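The next block holds one structure in the form of structure tokens; read it before the comments.
As written, the chain order gives the labels A, B, C and D, with residue 1 at the start of each chain.
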Amino acid sequence: MITDDMSDIFKRLMHADDVNLSVFLTAGYPNMTACGHLIELLARHPAVSFVELGMPFSDPLADGPTIQRASEIALKQGTRLDDVLSLSKQFRSICDKPLMLMGYCNPVYRRGVERFVKEARAAGASGLILPDLPYESYSRDFAEALGQEGLSMSFFVSPTSTKEGIERAFETSTAFVYGVANVGLTGDIPSMDRGDFFRGLQNHRARCPIVAGFGIATPEDVNGLTGLVDGAIVGSAFLRALEPKNESMLDTTSIVQRAEDFLEPFNLNLK
Amino acid sequence: MTNHPIIKRGYYGDFGGQFIPEMLRRNFEELEKAFNEAWADEAFRKEYLELMRDFVGRPTPLQKAERWSERCGVEIWFKREDLAHTGAHKINNAVGQVLLAHRMGKSHIIAETGAGQHGVATATACAWAGLPCTVFMGADDMKRQKPNVERMRLLGAEVRAAKTGSMTLKDATNEAMRFWIANPTDTHYVIGSAVGPHPYPMMVAEFHRIIGEETMTACARLDLKPTHLVACLGGGSNALGLFLPYIDQEIALVGVEAGGESLDSGRTAATIEKGSPGILHGAKTMVLQDGEGQIQEAHSVSAGLDYPGIGPLHAHLAAVGRLQTEAVSDTEALKAGMLCTRLEGILPALETSHALAWTLKAEWKGDELVLLNLSGRGDKDLETYINDHGRHV
Amino acid sequence: MTNHPIIKRGYYGDFGGQFIPEMLRRNFEELEKAFNEAWADEAFRKEYLELMRDFVGRPTPLQKAERWSERCGVEIWFKREDLAHTGAHKINNAVGQVLLAHRMGKSHIIAETGAGQHGVATATACAWAGLPCTVFMGADDMKRQKPNVERMRLLGAEVRAAKTGSMTLKDATNEAMRFWIANPTDTHYVIGSAVGPHPYPMMVAEFHRIIGEETMTACARLDLKPTHLVACLGGGSNALGLFLPYIDQEIALVGVEAGGESLDSGRTAATIEKGSPGILHGAKTMVLQDGEGQIQEAHSVSAGLDYPGIGPLHAHLAAVGRLQTEAVSDTEALKAGMLCTRLEGILPALETSHALAWTLKAEWKGDELVLLNLSGRGDKDLETYINDHGRHV
Amino acid sequence: MITDDMSDIFKRLMHADDVNLSVFLTAGYPNMTACGHLIELLARHPAVSFVELGMPFSDPLADGPTIQRASEIALKQGTRLDDVLSLSKQFRSICDKPLMLMGYCNPVYRRGVERFVKEARAAGASGLILPDLPYESYSRDFAEALGQEGLSMSFFVSPTSTKEGIERAFETSTAFVYGVANVGLTGDIPSMDRGDFFRGLQNHRARCPIVAGFGIATPEDVNGLTGLVDGAIVGSAFLRALEPKNESMLDTTSIVQRAEDFLEPFNLNLK
């Protein structure tokens, strides 16, 4: 159920004919400086409708190898929650695209849920995605604080979700429902018929937009979902594009250039 | 049973729960249902118990440790899990879960392992059952524990290196979970200790309850009235196995954690003593973490205790004061293990040596009666003992 | 009992006797008397049996080997001696003799060892009893079996290198005998198999009889009517332990010898198949010897079968046709051991793998019922298996 | 009980006031050539009353390290029973001192007892010493053959011998009784009061001479037994003297020289 507050922010997504592109970026990857430039790029880039900013965690058990490694590198460089928040602030200073903070429960609980939600709001974040947060914990610990601050929350549906699980995700999510477009992990090679899965969710779509994620890598992947979802998140593929393969690829300009090169073909999606 | 009075909606007091991605939710619902049904099914219990007897070699003895008692100044009995097939209590759970997986129609078993004990136990159960088995193991651990890697391979298991994070147990667990997320329908994940999301902690404990039940039976036969139960705490499975049937009785439960180099060195695995509530591997429990909520590496000379979390049931029992926790350093554990070898003719696993070490330094009045879970044999730790022995001789 | 009908004045049929120097005669008279008295004494038996239960972990299971049976085309059950404390049947005898030595007032225990299994078992029993222990081991064997040397030392035993002859088991036995000659009054020599001068062969067999007795009890409970008993033959102790209570029954007794590289290669340990009557280590038995009566080195991939003699009782049983002997090559044994690991989840000692290998290649009608003595676990042989595995993969 | 045949040979020993020196030599040690010279030396040497010629065996469990090693070396050089016999023959061709063949049962049984006894007799041996031969086996397998050939047999008494054991040794031995002068093995350091032991045997001495062995190394050791025994065997000490300690000590002349040097002080025993 989309809240009133969020309806503004995500209204565009729901009524677009095309699939809105969202890009996932791990905060502090490949380093804080480059990441600052990358978040600006995403803020300005016309192909990018909204952004997922990953909060690195030591034990990201729902992530595939690329995002794991990105978290690891970010943490090794000393990335802290404060850095995540300042990247969000930087993003918000440029644009008003939605920005979701995506991460795991423990760092959030450690910070204190209320405090964190306030800080996230202050940093201009639109909402949270916490794949390991149970619904009960959400209701007890998050719902009120998020409501007060006008932040949203997204829950997941996956091909293994039960009827009740799907019902609950659409009922509870206040931004969009994150549809797992792959049996497997972020970045994995597709191993299922996405069309079938998302067609099965259409009757819920009126209640809450659907955004597909996991295994979405190319403009074709995104376009292939036209009519079935409101948005699609590209994560691992983007991070992989940033990976420096040799010395000369280490400087910030070169990293940002690769990000631009990666996003270039997605411009075709723009009307 | 996972509907034990201690459990409320998957929580053990304040701890536990299911902090899992949606992709695994159906698996956990299935698993809880299947386990509850199986555990209530006489036929399943019978098969499990027959395997415990014929394959695992149960019951294991409850043996009076004459010379150890003398040294400690109190009467101490050993529950001889070192005599179980593959050398530790771990096999009880591995066999139980593999039987359950078979009953659920799963065609592939996965497991995580640190030092390799649980990996070997699971590979063993899978060999027996004829089920394919994949064991995830930290790449660093694979190097350190080469013989156990080879043993798993001889047992027909595939060993996959976890190359992320600290490349140890914690990361192997992440990898196993990830594999399960990617292969949710045909696979069962055999967790190796009483950790992880509900129903694992209680299910693993139930498969080990036989330790405590046999102990009770032996005590009745021998007319022993124990005052203390002592076990080491890694994830907590051997301890819970012993404690479970005694939990409502008036008896001290002592869990001995791995202090590592020392409790305040930062190089420790004493999760309850030095940790704080957090969420790791899908459960709320006590964890070693920094101010940012990042999980820290644990440190212990004993690979089986080298885990920055603890079963949520233990976190609960400690929080409500039912479980007494103690910590023992690497050095104390090594010494105790070697002393036990010389005094009792039993080379204990380094994990077990922690429990032993505490009985050496505890202050006894002398009228107590202590049952200590001798959770495993130390063949796997021979090199560590020898190197340490060499240093001190 | 050493006054079993099979025995006439220390001879088992044509074999056995006491080919010992005068310096040891009193020891042997003492020992025979002490053993006969102890074995007839309820109190001694009780203590021995309690130790078997509480320290050693007996009874060991009799387990149906489902997948092995299927592979062999005949029903096969394993007697799980691998689950005994220290990993093989050897501990039964070590504990029995150490108890006896204690009763005799001996203050020092000596033993010989080849691969180290019997040395570890004896050091273990001595640690338990608090008796000083010296283990003789061939200098070459010490190098090859370093971990077992260290294990004995951790158990508090002194390990002495035998630097004479081939520097292996045979020479360690000579050294132990020599030490006993030099220290006849305070020392007891714990021989590790059913070999040596009377009363050792029968005494060792009696301390292992519990294997066969437990098997009989289990068969009665399970209503099994075995047609074949199978065991590997090193010195013959595990085989005799299983066979002894069945000896007068109508049942095939099969002893599997180590063929080594091949029976006719000269590199073999198949003493009954390829040897001739001779005198070694104080007993007349079948031995590997040259035309001059010099004892030859035995060769087997399995250290525990690598002995140029055999217990005189086996020599007798084979001579009168009661014992069927078979030989299995190194390669066949290695393969069988690895197959058993994969099919049953039991890593067998390489010694045991010889018995297993024979059941694979024997011609079965299919209506037989085979009990196989799974005499020990293969942890000690892991490296050998792995190297072989590597070669074939 | 000394037989008529043997009484001639050992009569001298029994009625001598001094202790007769016997030397033990392993056949084939340190090699066959040198051993031939050594046996000649012993045959001719005035201090040597009789000789024990060791028949090397792979598993000499009643021997100490020196004799073990000598056996091992002899066997490695291919020494066979035939070589033992030819050394005996060589000895007999020079002198009529007693020569006992000393060894273990197995090689003798392997040869066949009757055949071996005949060959030994033909080679001029006086008798046998087989420390691991049980009395029953002696009676059944050896007594008759030895009697027919006029060869003797010596049995052992040791400090651990029972009364019956002592009785039986003096009853059965037909050359002398071998008195173990040490609790321990040949060549071991003395660990008992020899005097006490041999004094206890004096009342048997009329029936059969006593020869002491094990741990006798010096003229003092031998002289110390005066009045208590009829002979004393020097074994390990003699073999140790032969051991080449460096290259220059390998040739036969040098070996024989060392044997002479070793025996020299024993000449003082001669009246």
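Methods note: contacts are C-beta pairs under 8 Å (C-beta built on N, C-alpha and C of every residue); 3 or more make two chains touch, one makes a residue touch a chain.
Please read these numbers as outputs of a predicted model, since none were measured by experiment.
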item	value
Where subunit A and subunit B are represented by their mean Cα positions, the distance between them in whole Å	37
Inter-centroid spacing, subunit D versus subunit B (mean Cα positions, whole Å)	67
Category of the chain touch graph - line, ring, star, complete, other	line
Pairwise chain contacts under the document criterion	A-B, B-C, C-D
Subunit B residues touching subunit C - in the complex, by the definition given at the top	53-55, 57, 60-64, 67, 80, 82-85, 123-128, 130, 147, 150-151, 153-156, 338, 341-347, 379, 382-383, 385-386, 389
For the subunit A and subunit B complex, residues of the former touching the latter	57-65, 68-69, 72, 75, 80-81, 104-111, 131-134, 136-137, 155-158, 160-162, 165, 169, 180, 183-185, 188, 191
Of all residues in subunit B, those that touch subunit A in their complex	9, 17-27, 29, 164-165, 170-171, 173-174, 177-178, 181-185, 278-282, 287, 289, 291-296
